[in-house]
Each structure stands twice: as structure tokens, then as C-alpha cells.
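Structures given as C-alpha cells follow.
Both of the next two complexes hold subunit A, though its partner changes from subunit B to subunit C.
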Partner chain A sequence: MSLELATHLIDIIGAFLLITMIIILEAGDLYRAIYTMAVQSIFIALAGAVLGAATHNTDLWVIAGLTLVVKVLVLPWLLLRVIHRMRIHHKIDPLIPVTTTLAIAAAIVMLAFYLSSSLVLLKQVITGNALPIGIALMLIGILVMMSRRTALMQMVGLFAAENGIFFTAMAISQGMPLIIEIGVTLDVILAALVMGVIILRVKSSIGSDIADLDELKG
Partner chain B sequence: MDQTLTRWILPLIQVVLLVLLGPLVTGLIQKMKARLQCRRGAGILQPYRDLLKLLRKGTVQSDTSGSFFRVVPVLVLGATCAAATLVPVFFAPVTAGHAALLPLGDALLLAGWFALARFLTAIAALDAGGAFGGMGASREMTVATLVEPALILVIFSVAIVAGTTDLRVIAGHPVGMRGSFGAADLLALFAMLILLLAETGRIPVDNPDTHLELTMLHEGMLLEHSGPGFGCLVLAHHIKQIVLIAFVQALFFPWKAANTNPQALVMGLGAFILGTLALSVFLAIVESTYAKLRFFNLPQFLSISLLSSFLAVALRLL
Partner chain C sequence: MSSLLWILPLVPTVVGLAMLGVKDRRLLNLLDIVSTSTIVMLVWAVAQAVMHAGPLRAVKTFSADAVTVVFLGLIALLSVTTAIYTVGWMRREVASGGMAEHRLSKYFALTQVFIATMLITVLADNLGLLWITMEATTITSALLVGFRLDSNGLEAAWKYIIVTTIGISFGLFGTVLVYAAAAHAGASEGAMNFTTIASMASRLDPNIVRIGFIFIMIGYGTKAGLAPMHMWLPDAHSQAPTPVSALLSGALIKCALFGIIRFHTIAIGACGPGFSGHLLLLFGIISIVVATPFILTQQNFKRLLGYHSVEHVGIIALGLGIGGPLGTYAALFHVINHGVTKALVFFVAGDAIDRYKTHTMDKIRGFIRAAPYAGTFLMLGAFSLAGTPPFSIFVSELLVLKAGLAGGYFVAIAIFLLMVIAIFAGLIHHAGKMAFGEPDPAVPRGGEPASGVLAMSLLVVVMIGLGLMIPPVLDTIFTRAVEVTLGH
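This part shows the complex of A and B:
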């Protein structure tokens, strides 16, 4: 696969990543957010595969496969399981109105493009919009974590931000070394497990969501 | 002779085609929807039969409405047909930078004609004095304030590359000239598909089948109309739908005939039919798989399209 074709494909995958991120940001329902996060991870895996085919780096194929298994199958399954165990209502109540969040997201994307234009000295493997879109995804993921009260939605935001970091890493290097990528993936699984356990424990011991904990001050 | 053909005859054929095929697309979508819901459904020619039935009926008018009320259906139909003249269907030649068709207007005027038709429909609904008409008009206008900025942004995102807002030039560009289908195109197309649902009054936004008064937007405004006038408004809605479908294709899939070569014309027409079928399938699937949104959740849904069209413009400029 030629590098031009790869650049074009990564460009289109970047647009799909932005679209899925907008849907996660807009989702009023935990199920929809989780499924969209899984779809976004499919696109991340595709991006890894495209870059692997373009640079003949077999590590990237392994990373793409790992993403497919962990982020598309395991993590959504884990989140859905926590939902079933908690028997919570799956409506998301945002701290600030969703339309405001969308406006902030637009500002974030502009900011990401502005920031990345000042990073021209950084040598990019995939030229084009991959770097700004990666930065934008990361920041919007953090925005999701900040603006939602439900702990599960904050987890979805964390994984979406992680997708952004992965995409950024692909844009500025030919993917991270395999050992680091495996370490990061294991960290993500571990984090998801720990967070899932904590959410369930908090739910079973005080019968409410993490978000209500700040009402406990003395 | 050739001049007359390209300037007058082919553009006129395109308009007539859009007007005649409008009800067929609605019938097709309804048939597919019925099949997806395991019903037999009415034949795809049903919208034509409905229109004929309406044209044969008499007119009943509310006492409060004035003579303007009777003119409105014709004006709305006229505005929608005028919008139909602006969209290339299968033929879009470009000679030395400008199109060789009827120079009637550009994509922004298309949005303008739709806005005029919407305004007239709403005014007539208020004029008739019915409670549902007023409520429908108020809701339709609320949706319009969210849809129109996004529509204009989608137009701009394509116009920035093409260098003009003239749809005939935009659609006349060979695909290679505009560059390949990139990230900004994709975002704009996503925004436009949501707008298509909103503008054609399809399910997440409005329910075209319902006469449950509390949920309707567009139908609510038409309640007070009857007979041929109602027929005109229904036909205008069919035409608006196919014009929007042709508009999506002109913006994002510009496979049009560039000259009067019969083979190119047939290819252009085939591309148009395929594109229309694809978008009809999209509309039918969305209608059968989604539930109608609560009215107060609509701004949130439509702001997705506003945001992604904004991002499309931003990607072009940055």
C-alpha cells in the first residue's frame, strides 16, 4: 500500500473517529455511548492496520489485533456487565447541557488544529490531519469525563481519550514499540477492572453512584 | 440547436423529472418501510392515487381564514418547483468556469426557496386559527432555526473547494478536480444525512405517517387544508424530498453527464437513480429502526449536524 493511499485512508478514518466522538458526546444513554466507543475502537484498529500495511511494520498488525480484542470486545462487555450488575438507570445526567458541551467540543477541535500547526517541527509519518484529530479526540474524551456525573460514562470518556492518545502516537511515530503498547493495553484492562469493582462496591455499600460521594463532606 | 438543447430542453427535462418522480420516491420509501416492518404495504404508486383523489375533492375552509389562505398552497408548490430548477439531476456541463444551463441561482437560493415555502406554510397554518396548526407552525420554525444554519455550513464546506456556490458548477466538476473524497466531505455528508431526515420530516424528527396530533410537526400545519390545496402541499412535500435527495448527490456524488453525448446522459441518469435508491433505503431503514425523539431532545440531535458541518468547514479552512 502506498503512503499516499494510507494518508488518504487515515484522513477518512480520522473523520469517522470525530463523528463517533460527537455521538459519544451527544449520547443520552449509556448503551449508545458504550456501543459507539466500541465502533470508535474498530476504526482505531483499522487505522493501525492501514499504517501497518503502509510501513510494513508487523508490530502494528499485532497492535491492531490487540485493540480489536481488548477495546472492541472485552471493555464494552465489561462495562455492559457492570450496568447489568448494578441495575442502574442508564440515562446519563450531564453536569452542563449537552449542547454547551458540543459547542466546547467545536472550540477544542479548532484549538487542536491551532496547536498542531505550531508543532510543524515535529516529523510526522502520516501527514495531514491525523495529529490535530488525535489531540482533539484526547481532549474531547477528557471533556466527556469532566462533564458527566455517571461513573460509567466517565470510564467511556477515559477509553475514548485513550483512543485519541493512540491515534496521536500513530501520527507522530510509526506506532509505539510493541512492548509499550501491550503494557498500555494491560493498564487499560486493569484500570477498567479496578474502576468496575470500585463502582460496584460503592453501589453495594452506600447504594448510590460515585457522583453522589461529594455530598458526604463533613 | 445544441445551444437550445443544453440551455433549455435538458434543464427543463430535469425539473419535470424531479416533479414527476417526487411522489414515486415517497411511495418507494413507504413500501420499503412496510416490508421492513413485515407488512405488505400499499403499492409504490399510492402517493399518485392520493394526489389524484385530493385534486378531485372539494375545498372546505375555516371561517377565520382569509383569501390569502387559498393562495398559499399554490405559492408553496411554486417555491418548491423553483427550488427544483436549481439542482442538477443528471446533466451538469461546465464550459470555461461557468455552467451552460439556465442561470437561475445557486445553492443558497435553494435554501432560500425552502425557507420561503416553510414560512408560507406556517403563516397559512396560523391564519386558519386551529390550535394544532399554530403548534405545528411553532415547532416547524423551531426546527428550521436549527436546520438552516447547518445546511448553509454544509453548502459552504463544499463551496470552499469548488470556489462557487453555484450547484451546477459544483456538480459539474469531475471527481478528480475536487480532490478525492476526504475527511471534510465525510463530516459534511454525515451532517447532511441528519439534515435530510429533519428536512423531509422523517422519524427521529417528525413522523410522516401519524395523525396523532400531539406528535406532529409538518402534518399539523396542513390539517386545515383540504381538497386540491392540500394536494398541492402534499405534492410540494414530495418534491422537496426528491430535491433534497438530488441535492445530496450533487454535493457529494457529482457523477453527472458533462456533455449531450447520449451515453453520458444515460450514465448520469443511471447514477442518479442508483443514488436516489440508496438514499431511499437509508431513509427507510432509519425510519424503521429509530423511535421518534421527544421534541425537547431535538435541539440536541440536530446540534450534532450543526457541529459536524462546522467541523467540515473548519477542516477546509485550517
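This part shows the complex of A and C:
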């Protein structure tokens, strides 16, 4: 695959990543948010494969495979299991009206592209629009976390935000060292497990969503 | 000698795993002390090697220079004193039903692994590994923060893990950007290693490094408890079991500062001292200012100490931001001083809270009568935290002041002084009300565990000793660490 074609494909994948992120942001249903996160991760894996083919870096293929297993299968499965164990209803009410969050998201995307356009040199180092899209995904992920008072939705926002970082990291001309990617992925799984344990513990002993607890102040 | 670098974190890891099979409390305490004393000895050996033969490197992933030695020393000292303190603390905790006996081995094992992750964080030469273990410290310590499984503890653990995980994702992004800059500048082998990047820092693209450093500052700043990203800190540090609070406030937030210092060095090389310095200065001043009103109005003893950590991390950032040899020296010295004092005061707070069965400072009276040792240490610790001589914090704060005036940062220094004076008044008021007077007759008197008194005495000796004079060995280490930080 030529580098030009790869750049083109990466930009298309980037657009799909943004679209999935917007769907997560406006999702009123936990299942939809989790499935969309899984789809978003498929695009991340695709990006890894495209870049692997273009740069002949076999590490990227491994990373793509790892993403497929961990972020497309394991994490969504874990989140769905927590929902199942909690027997919660999966409709979620955003704290901020969806129209407002969408407007903020649009502003974030424009800001990310504006900021990166000033960095001419980075264009040579990072393929296509991976940098602005990575920044935008990360910030919108945080927006997802802030606009919902549901523990599981906060986790979805967190993993979606991390997808943004992974995307940018892959697109750096050299790619991240494989061992570091594996370590980061391991951290993500461990963090998800600990978060799941805390959520379930609170649900079983206190009977409420951990994100609703608000006793510690001042 | 360089094999020491990977043996060091291996010790607590192996002991931690072994602890999972041990049920007896005394044996667990013994293993805890043996492991942490071994760490102290190994750190001593590493310090010797670094002083005589220069920086060490091992398996291309670990390295130790003078900056590492400073942080290793702090982690080792606090680990061993915490292990000693835990003996008496745990006995009381088990007797009062606060800690179920069948969960003891888990608690001790987690603490060991937590210490191991902190050690790897400061030993990591690879900046990716630095990030990975930094996140691992969050995961292990979040379990410890919520270890009691009560609603407050779990709420604090949740906030802690969610906020710091999202926070340090920014750190990963910054790391990726700096790595991209290094890869672009032609580093092929070890483009993620601090020693490689620092040695070629002047060839990195300053624009990329600047953006990268902003992400690092927000990311690791969240973990360090710098305002305005500090919201999780008072919750986590007040809800954790006391020995864990001491490690979190004394050592862990310093590890995050270590991450910032590494990137500060790279940023100095790539864009000059101005950019990262000013950012550090800004976050430092914001932290000091934001913490002050909360310290003055705080009613909860351990939360008060949490906000104090925000203030002191701010002072360290201020010192680094003022920069130059003197400011950086002051900041590194303050890392040790604050760590030692904060662990001491948390130990005292643990005793007071168990004795009076309350976290509310208004309800704690006559602590010196009830517990002569801990009560005295409370006053010493409070005067030290407030920055009075002859305690070590006074010296490092004075150095920050001198560096600031010499550098012409008059506004920053004026704000710093104003806040420190306000905090002094507030803190002495709080501590005095707790220490003096007649305790309620229902409050148990005496019966202070020898282990607790020993642990606190060790810290007091360091706290006063460093206030009176800095031993030449330590002075050399700090001076070298300053050179490494400033990239000389």
C-alpha cells in the first residue's frame, strides 16, 4: 500500500471515529453507547492494519489484533456484564441538554483542527489528520464523562477518550514500541476491572450508582 | 551494579505475592518490615553507585541518576517508617473490628505491590514505562483507598481512579508527542528513553515539545494534586487507611512530580527554561492560593492534611518554576521535607482519630494529655508544616523565597508569602486547639504503641536534622540532581 493511499484511508477512518464519538455523546441508552464504543474500536484496529500495511511495521499488526481482542471484545463484554449484574435500567439522562453538548463537541473539533494547523512540522511526523482527531476524541470523551452521572457511561467516555490517544500514537511515523502498547493496554484492562469491582460493590452494599454518591465535600 | 535497578522493585513484588499465602498478622508485619528495610539498603547501594560511578542503566528500560536517588530515598524512608507504624496501627484496627482478619494478607500484599509500582515509576528510563507504572500506582492504590468498603471510602476510590486515569491519559498524549518529536529528530533506538531524548533535546522541534509539555503538565499535574485538578485528592487521602494516606501524600504525589521533572528537563533543552518554568510557576501559585481557604476553614483532620499536600505540591512546582540552580535545589529539597513531615502528621492523625473516634478537629481536645508522644509530635509536625524553624520545611521554603527574589519574581513571592502566613495562623490555631486542654474523660489515655512512637520519632529526627544542617552527602546528591534537572 502506498503512503498516500494510507494517509487518505487514515483520514476517512478518522472521520468515522469522530462520527462514532458523536453517537456515544448523544446516546440516551447505555447499550447503544457500549456497542458504538466497540464499533469505534474496530476502526482503531483498522487504522492499525492500514498503517501496518503502509509502513511494513509488523508491530502495528499486532497492535491492531490486540485492539480487536481487548477493546472490541473484552471491554464491551465486561461493561455488559456489569450492567447485567447490576440489573439497572439502561436509559440515561444527560445532565446537560444534548444540543448543548453537541455544540461544545463541534467547538472542540474546530479548536483541535485550528491548533494542529499551526504545527506544520507535525504533519511530517504524524500521518494525515490523526493529531487533531486524536485531540478531539480525547476531549469529547471527557465531555461524555462530565455530562453523565452514570458510572458505566463515565467508563465508556474514558475508553473512547483513550481510543483517541491510541489513534494518534499509531499514526506517528515510527509507531509506538510494541511492549509499551501492550503495557498501556494491560493498564486499561486492570483499571476497567477495578472500576467494575467498585461499581458492583457500591451497588450491592449501598444500592446506588457510585457516580451518584456525593457525601465528600469541602 | 546496574542489576540493582531491577532487583529493587522485584523485592516488594515477590514479598507481596508471598504474603498472599500468609494469614498471621505478626508474620505479615515482619515480612512488611523486612521487605521495606531491604529496599532501604538497596536504595543506599544505588545511591552509593550513582555518586561514585555516575548514572546507572539496566536493560535499556531502567536508569538511575541523582534525581532518581532523591525520589528513591523518599520512597524507601516512608515505606519503612510506614511498615513500622503499621504494626501498632493494625493491631488496634483488627481489635476494633475496622479490619477483618481474613483480609489482612490482601492489604499487605497490595501495599507491597503499590510500593513496587512507585519504585519502577522513578526507575523507569523509558517514558512509556513511566506512564504505565504511574497508572499502575493508581490502580493499586485505588483498591487500598476503598479497602474498608464503606460508602465514603468507595466514593473516594471511584473519584480517585476516574479523575486520575482520565487525567494521566493527557500525560500519555504528551508522552506520545514528545516521542514523535524525538523520532522525527532522528532518534531510532530508544526514542522513548529519557536519557536518549534528554541528550538530544536541543534538536527537538520546540513547538511539538511545548504542546507535549502542556499535556504532561495537566496529566501528571492531576496525579500530583496540583490545582485546579486536585479535586480528588482531599477525598482519597482522607478516606484511605492511615498508613496508605501517609504513602499517598508523602510519596505517591511526588512520583507524579518526578514525571513532570523528567519532561521539564526535556522542555528546557528543547525550548529554553522559560516555557515549562512559567507553566510550573503558574500551577504552583494557583495550587497555593486555592488550597489556603480550604485549609483555614477545614474541620476534618485528614482532609486538612490533604489540602496541605495541595499547598506543598504547589510550593515544589513554584520552586521548579522559578528555576535556576537555587530554585530547583529548593524544590527537590522540599520534596523530601514535605514527604517526611506529611507522613508524620498522618501517623499522628491516625492515632488521634482512633482515640477520639472522630475526624472532626473541634471534638479533639487535650491530645498531649491523652497521648504524650503523638500529641507532642502533632505540635512539632504542625509547626514544621507551617514553615517555622528549626524544621526542614522552613529551610526549603526560605530557599524558594531567596531564589524567587533573586530571579525577580516579586508578585509570585508576595502571593506565596501572604498565603504561607495565613496558613501558619490557621494551622497553629487548629493544632493548638487539638493538642492542649483537658481531654474528655471517656477518651483512653496512654497506651501508645511502641512501633508507632518509633516510626514517628524516626521521621521527627529527619525533619529536625535536615532543618539544622544538610549533610554533605545529601548536598552532593541534591546538587547533582539539580544539574540533571537543568540538563547540564
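The rule is simple: the second predicted complex is superposed on the first by the 207 of 218 C-alpha atoms of A that agree within 3 Å, B and C clash if a C-alpha of one lies under 4 Å from a C-alpha of the other, contacts with A are read in each partner's own complex, and residues count from 1 in each chain.
Simple rule for what comes next: a contact is a pair of C-beta atoms (placed from the backbone, for glycine too) under 8 Å apart; a residue touches a chain by one contact, two chains touch by 3 or more.
As the structure is a computational prediction, the values presented were derived from the model and not from experiment.
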**OP:** Pick one for A:19: touches subunit B only (first), subunit C only (second), both, or neither.
**Re:** first
Original post:
So, A:28: does it touch subunit B (first), subunit C (second), both, or neither?
Top reply: first
Subject >> Which partner, subunit B or subunit C, touches more subunit A residues >> reply: C
**OP:** Please indicate which partner A:158 is in contact with in the superposed arrangement: first for subunit B, second for subunit C, both, or neither.
**Re:** second
Original post:
So, A:106: does it touch subunit B (first), subunit C (second), both, or neither?
Top reply: first
**OP:** Considering only touches as defined above, state whether A:172 meets subunit B (first), subunit C (second), both or neither.
**Re:** second
**OP:** Could you look at A:206 and tell me whether it touches subunit B, subunit C, both or neither (first, second, both, neither)?
**Re:** second
Original post:
In the complex of these two chains, what residues of subunit A are touching subunit C?
Top reply: 115, 118-119, 121-122, 124-126, 134-135, 138, 141-142, 145, 151, 154, 158, 161-162, 165, 168-169, 172-174, 176-177, 180, 183-184, 186-187, 190-191, 194-195, 198-199, 201-202, 205-206, 210-211, 213-216, 218
Subject >> In the complex, subunit B residues that touch subunit A >> reply: 180-184, 186-187, 190, 297, 299-301, 303-304, 306-308, 310-311, 314-315, 318
Subject >> For the subunit A and subunit B complex, residues of the former touching the latter >> reply: 8, 11-12, 14-16, 18-19, 22-23, 26, 28, 98-99, 102-103, 105-106, 109-110, 113-114, 117, 129, 132-133
**OP:** Report the residues of subunit C in contact with subunit A in the complex, numbered from low to high.
**Re:** 126, 128-129, 131-132, 135-136, 138-139, 142-143, 146, 149, 151-152, 154-159, 161-162, 165-166, 169-170, 172-173, 176, 179-181, 183-184, 188, 191-192, 205, 207-208, 211, 234-235, 238-239, 294, 297-300, 303
